[in-house]
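You will see two complexes here that share subunit A, one where it goes with subunit B and one where it goes with subunit C.
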Partner chain A sequence: MYLRHDEFTKYHPGTNFAYFCAVIILSLVIFHPVTMGISLAGALVYAILLRGGKSLKFFFSMPFIIMILTVILNPIFVHKGITPLFYIGDSPVTKEAFIYGACATLMIGSVMMWFYCYSQVMTSDRFMAVAGRVMPKSSLVFSMVLRFIPRLKNQAVKIRNARRNAGTNGEAVSKTKEAAGQMSMLTTWALENSIETSDAMRSRGYGLPGRTHYSGYKMQARDGVFIALLIIFAVTVIAGKITGALFFAAYPQVKIGLSEGGSGAYIAAFALMCFAPAVIEIAEELRWKQLESKI
Partner chain B sequence: MEAVRIKDLTFTYPGADLPALEGINLSLEEGRILCILGPTGCGKTTLLKNLKPIVRPHGEIRGSVEIFMGEVGDLSQREQAAGIGYVTQNPENQIVTDKVWHELAFGLENLGTEPETIRRKVAEIAGFFGIESWYKNMTSELSGGQKQLLNLAAAMVSSPRLLLLDEPTAQLDPVAAADFLAAVKRVNLELGTTIILTEHRTDEVVSLADKICVMKDGQVGAYGTARDIARKAVQGERLNDKVSLLDIMPQPLQAYAASEDGDCEWDLPLDVPSGRRWLSGIIEVGELAEQGSQHFPEDAKAKEDRTAKEHAVEVKKVWYRYDKNRSDVLKGVNLKVSKGEVFALLGGNGAGKTTLLNLLCGNAKAYRGEVSAKGSIAMLPQDPQTLFLDDTAGGEFGERHPYDLSGGEQQRLALEIVFSADADIYLLDEPTKGLDPYYKKKLIEQIRKLKDEGKTIIIVSHDMTFCARVADKCAMLFRGEIVSEEAARKFFAENMYYTTPVGRMSRGLIEGALLPEDIGSR
Partner chain C sequence: MDKGVKDITKESGARRDALLFAAGVICSVGVMLWAGFSGVDRAYLYAVILICFFVLAPFYISFEKGEPYAREIVLVSVMIALAVAGRAAFFWAPQFKPIIAIVIISGIALGARNGFVIGSMSAFVSNFFFGQGPWTPFQMVAWGLIGFFAGVFFSEKGRSLLPILIYGALSCFVLHGAITDIWTVLSITDKPNLGTVITVYSAGLIPDLILAIATVVFLLLLAVPILKKIKRVQEKYEI
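Here is the complex of A and B:
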């Protein structure tokens, strides 16, 4: 399968993981129309960077439909708010419910697209590299399960095919007996083979105290810089939330921003966060262009 | 100093009447390769496992086993894990993790090695075994040969001084097996690792091993260099009532023993080059011409059969691929097999042989072309374990569970299941896998009997000697196409590389000889 490796994916998996955690949590917590719009835009841009047209196909196949439904359904079912736009029967459809729905829809869309990006970047081995440091035992089990599931499926198909052509052996075996036999043999296969695997593990020293963890990834200077910046931006955004600069409420009346200084700086910090992968990609692209022009 | 010294080793499984190993005395110098040969059930594996107590089965042990680090029983788990590498038969079951790089690191992680050191050692080992290009792959995507090479590399990553290999090539095709054994030789030559392996492919092994130990009934039957063993084999030494030492020796030696022609005690033919030396010595100039066509008596008959008999299986311009986005596995294959014919399909890995069998029995469907078979079909799949349904094996194996049988016994049980099905057409995928010479002979008899009953048999195999013995017709698949199809003897006689060892040894010296007995009856 063709997988585009953007520059941010080449960072340490830990950096990637921290980034996705920060962006997704903040997108959920900061309920503000502007930041959520930025978050969705950032997620979409990154998804396109990662997967091109395929990501748009994903966007329109699911998140987009859910978003449209939220926008339509929220004002129909929720009648809070003080500014009625029109009435359906006796129930008012309010401006506030409509705006709330629009904001919620941005949040849902952005979080879904961030998870889409997450699944593209954090493949199983990249996730393992992060998880292994925290819980080396469970991460090994995870790796073994990932190996075992496709093998089990494969063996089930092989047994079915083999039995289909085994002939009847004179006496016809009933369908239930055949199915039960196949199932029991699949279980036996799994157990027997895992005994051999556990021998192989013991033979290579599994179970000795002081097991270390190896991931094959190395933290680089740019990972440190990225994480430092990520912390600064995240703290800024949270400060904006706490001080009320990023306050937003739809009911009973739409109200944006409580502090007097405005919210520009906080929103800028959040925007930089959401577009960081794109910024990194463009910076890298420019650097290459420059290098090429020198050659 | 000796790397391994075994003194009076006797090992008895719990509840067994007779010991599995009895009075074993063996010693091996550092940096040597020892190959243990012997028929199934002679105790090869048990002996190997006694050299690494963490994998040793339960049982009563007497005598002593010493390796360079001391008595093996006294070694700590850590010393055993790091100092003794161990690779077994089944490539699949020894792989623990889902990624190649992680598999290489696994042993070192267990030993508590620092990540920085792991990085260096894993890189070194991947380089040594040429794993770089598939280093990042999923282990499930590897071929059987790659998996076993990965197991070898993973065992070597802690740089053990002693490497134990238990029939490591039993489940590999000949090309992958040769690659694997070449890697083993390199480990020995470049790192000086002492290696003990059990094998049943003697053709490749005699030129690899410094010492050979032949076991019979849990005892050392013979021990020495390949030539020492060969001399004993020619003298007619037996291993048990079913198998003689000669049966497990390379075919050039069998040909020599069959012909009793020429004296070369000093240079017994053990491989193709030494076989040619011997043959060219005994053949008179001018004798060549008379040989000619006398070895194709079946050829005319086969031609007659083709026109006279109806077709049991017909494949017309068949195209197949596993997935829309993948390339074709079969490309316009045409094939006709007459009723009552034994037909062998040969070809390298990925040539489409097994796929073709799957199409014939209906496990897969061609996307273009036609497949038709007249009569019922029974098939022996590549993996005998997929055929078992009952908890007891039955027949000669009694109440034992099929999974408790050895690889060769499982294969025999699977064959029994398939042959007991009253089918018109039998499809056999690698039927000789794991069988020793005695049961190979019995299988040939069984196939001939079925043929006489008018059954059709289609064989996919890498075992060319077996095909030359049993098949009426052979075809070679190459990249999804049939490139040649001929009466069996003619097929092998005309092939340069894709033929039996005796065929290669006698090319240009005796035309048309393919089997040891052909040379004998010259």
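Here is the complex of A and C:
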């Protein structure tokens, strides 16, 4: 598979991880229609940057359906709010419930799309590089599982072929039984083989103190700059929430923003955060063009 | 010599584990009370996300701090790999997968805490193939608890298959179905709402039913032989 590596993916995995955590948590916490919209737009732009049309196919296959359901379900089941639009039976369908549903839908869509981007960027090896230091034992298990899976799959194919040649081609009814039998054989093989692995580990001194952790990734200056900016933006956005500039409530009446000063600066900080990977990509593209033109 | 997998919880770690789990429970209850009484907008959604981490943390800290026995780690890894490979191998029928059955068997054979680690890690790793999403932490908790309770309720000695089968079927609805979808229920409306609960859960009923049938069928076919095989390896290599 051809994987397009954007510029942000080339940053340190720790930086990527911190970024996704910040964006997803803030998207959940800052429940404000404008920031929700920006978050979804940012996630979609980055997803397209990462996977092109495939990401849109994903978006319309699942998140979009859940989003539509949310818009429909909230006003049907929640009758709070003071502006009835129409009545279903005796219960009013209110404008406020519609607006709340619209915000919730943006939140759900943005979080799902950020998770999609996260899946593309934080591949298993990059996740290991982050988790390896914090959770050495669990990430060792994680890496061993990743190694065992292809081995088990290979062995499963061998078992299946051997069984087929021996004449046990599963009929429709006994297909499950045959599959379970093969699963059981696979277990025997896996358990016996894994003991070898653990003996090798023990003889190489696993469990002794002073184990080190190898990671091929190095923190660079740009990672420091990025994380510093990330913290500044995140603190700004949280300050906006606390001061009430990013306040939003749908019930009983739609109310946006409590403070006098307006919310432009806070929204700008959040927008910069959400579009950071795209900005980095464009900046890199421009630099490349500029260098190219010099040749 | 490698000591037994189950000795670990009995020894010095037992006190630390008890403290950890007590802290997890207290934090979870505290967060739930906060959600119930604070009146903060969408407090329940934040509460369940926090509780997710309060459930996962004690298990993983306990697993990290436990003695690093190579054979325990390898056995845990193999069972996770079997569960995940099982999820990938049975692609001819969506949802008809042995993964929950393997998690339950692992919990019975390797103990409650390892059962939790195997279940939650199976969810996490298999989502690298099937896609991570906001459901990942909830699925980790759900499958982790399936493995955990399997280890709590059933011991290897004196087992009869029927209670395990009933547990397998129930856990697909009560633990897997209910916990994995909870984020959807709480994202749609600001407060838990009976209408959304019924709508979301009834949408998941058919897949959960197929999963439950698969779990029962695979438990019926696999529980006895695989438990015997793990037991044999444990005895042969003094794990």
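As a convention for this text, the second predicted complex is superposed on the first by the 270 of 295 C-alpha atoms of A that agree within 3 Å, B and C clash if a C-alpha of one lies under 4 Å from a C-alpha of the other, contacts with A are read in each partner's own complex, and residues count from 1 in each chain.
FYI, a contact is a pair of C-beta atoms (placed from the backbone, for glycine too) under 8 Å apart; a residue touches a chain by one contact, two chains touch by 3 or more.
All values derive from a computational prediction rather than experimental measurement.
Asker: Looking at the overlay, what does A:124 touch: subunit B (first), subunit C (second), both, or neither?
Answerer: Both subunit B and subunit C are touched by A:124.
Asker: Which partner does A:184 reach: the first (subunit B), the second (subunit C), both, or neither?
Answerer: both
Asker: State whether A:53 touches subunit B only (first), subunit C only (second), both chains, or neither.
Answerer: Neither partner.
Asker: Given the touch rule stated above, what does A:137 touch, subunit B (first), subunit C (second), both, or neither?
Answerer: Second partner only.
Asker: A:212 in the overlay: touching subunit B, subunit C, both, or neither? Say first, second, both or neither.
Answerer: Only subunit B is touched by A:212; subunit C is not.
Asker: What is the contact status of A:197 with respect to subunit B (first) and subunit C (second): first, second, both, or neither?
Answerer: Both: A:197 reaches subunit B and subunit C.
Asker: On the A-aligned overlay, A:107 touches which partner chain: subunit B = first, subunit C = second, or both, or neither?
Answerer: Touch status of A:107: second partner only.
Asker: Taking the superposition on A as described, I'd like to know which of subunit B and subunit C A:163 touches: first, second, both or neither.
Answerer: After superposition on chain A, A:163 lies in contact with subunit B alone.
Asker: Do subunit B and subunit C land on any of the same subunit A residues, and which?
Answerer: The answer is residues 124, 136, 140, 144, 146, 151, 181, 184, 188, 192, 197, 199, 201-202, 206-207 of subunit A.
Asker: Show which residues of subunit C lie in contact with subunit A when the two form their complex.
Answerer: Counting only subunit C, the residues touching subunit A are 2, 41-42, 45-46, 49, 60, 63-64, 66-71, 73-78, 80-82, 84-86, 88-90, 98, 117, 121, 124-125, 128, 131-134, 136, 184, 187-190, 193-196, 199, 217-218, 221-222, 225-226, 229-230, 233, 237.
Asker: Tell me, which parts of subunit A touch subunit C in their complex?
Answerer: Within the complex, subunit A touches subunit C at residues 28-29, 31, 66, 69-70, 73-74, 76-78, 100-101, 104, 107-108, 111-112, 115-116, 118-119, 123-124, 135-138, 140-142, 144-146, 148-149, 151-153, 156, 176-177, 179-181, 183-184, 186-188, 190-192, 194-195, 197-199, 201-202, 206-207, 249-251.
Asker: Sort out for me which residues of subunit A touch subunit B in the complex.
Answerer: For this pair, the touching residues of subunit A are 124-125, 128, 136, 140, 143-144, 146-147, 150-151, 155, 158-159, 161-170, 173, 178, 181-182, 184-185, 188-189, 192-193, 196-197, 199-216.
Asker: State the interface residues of subunit B toward subunit A in the complex, per the touch definition above.
Answerer: Checking each residue of subunit B against subunit A gives 52, 54-55, 77-78, 81-82, 86, 88, 90, 92-99, 101-102, 105-115, 118-119, 122, 139-140, 151, 154-155, 158, 358, 361-363, 376-379, 381, 383, 385-391, 401, 403, 417-418, 420-423, 427.
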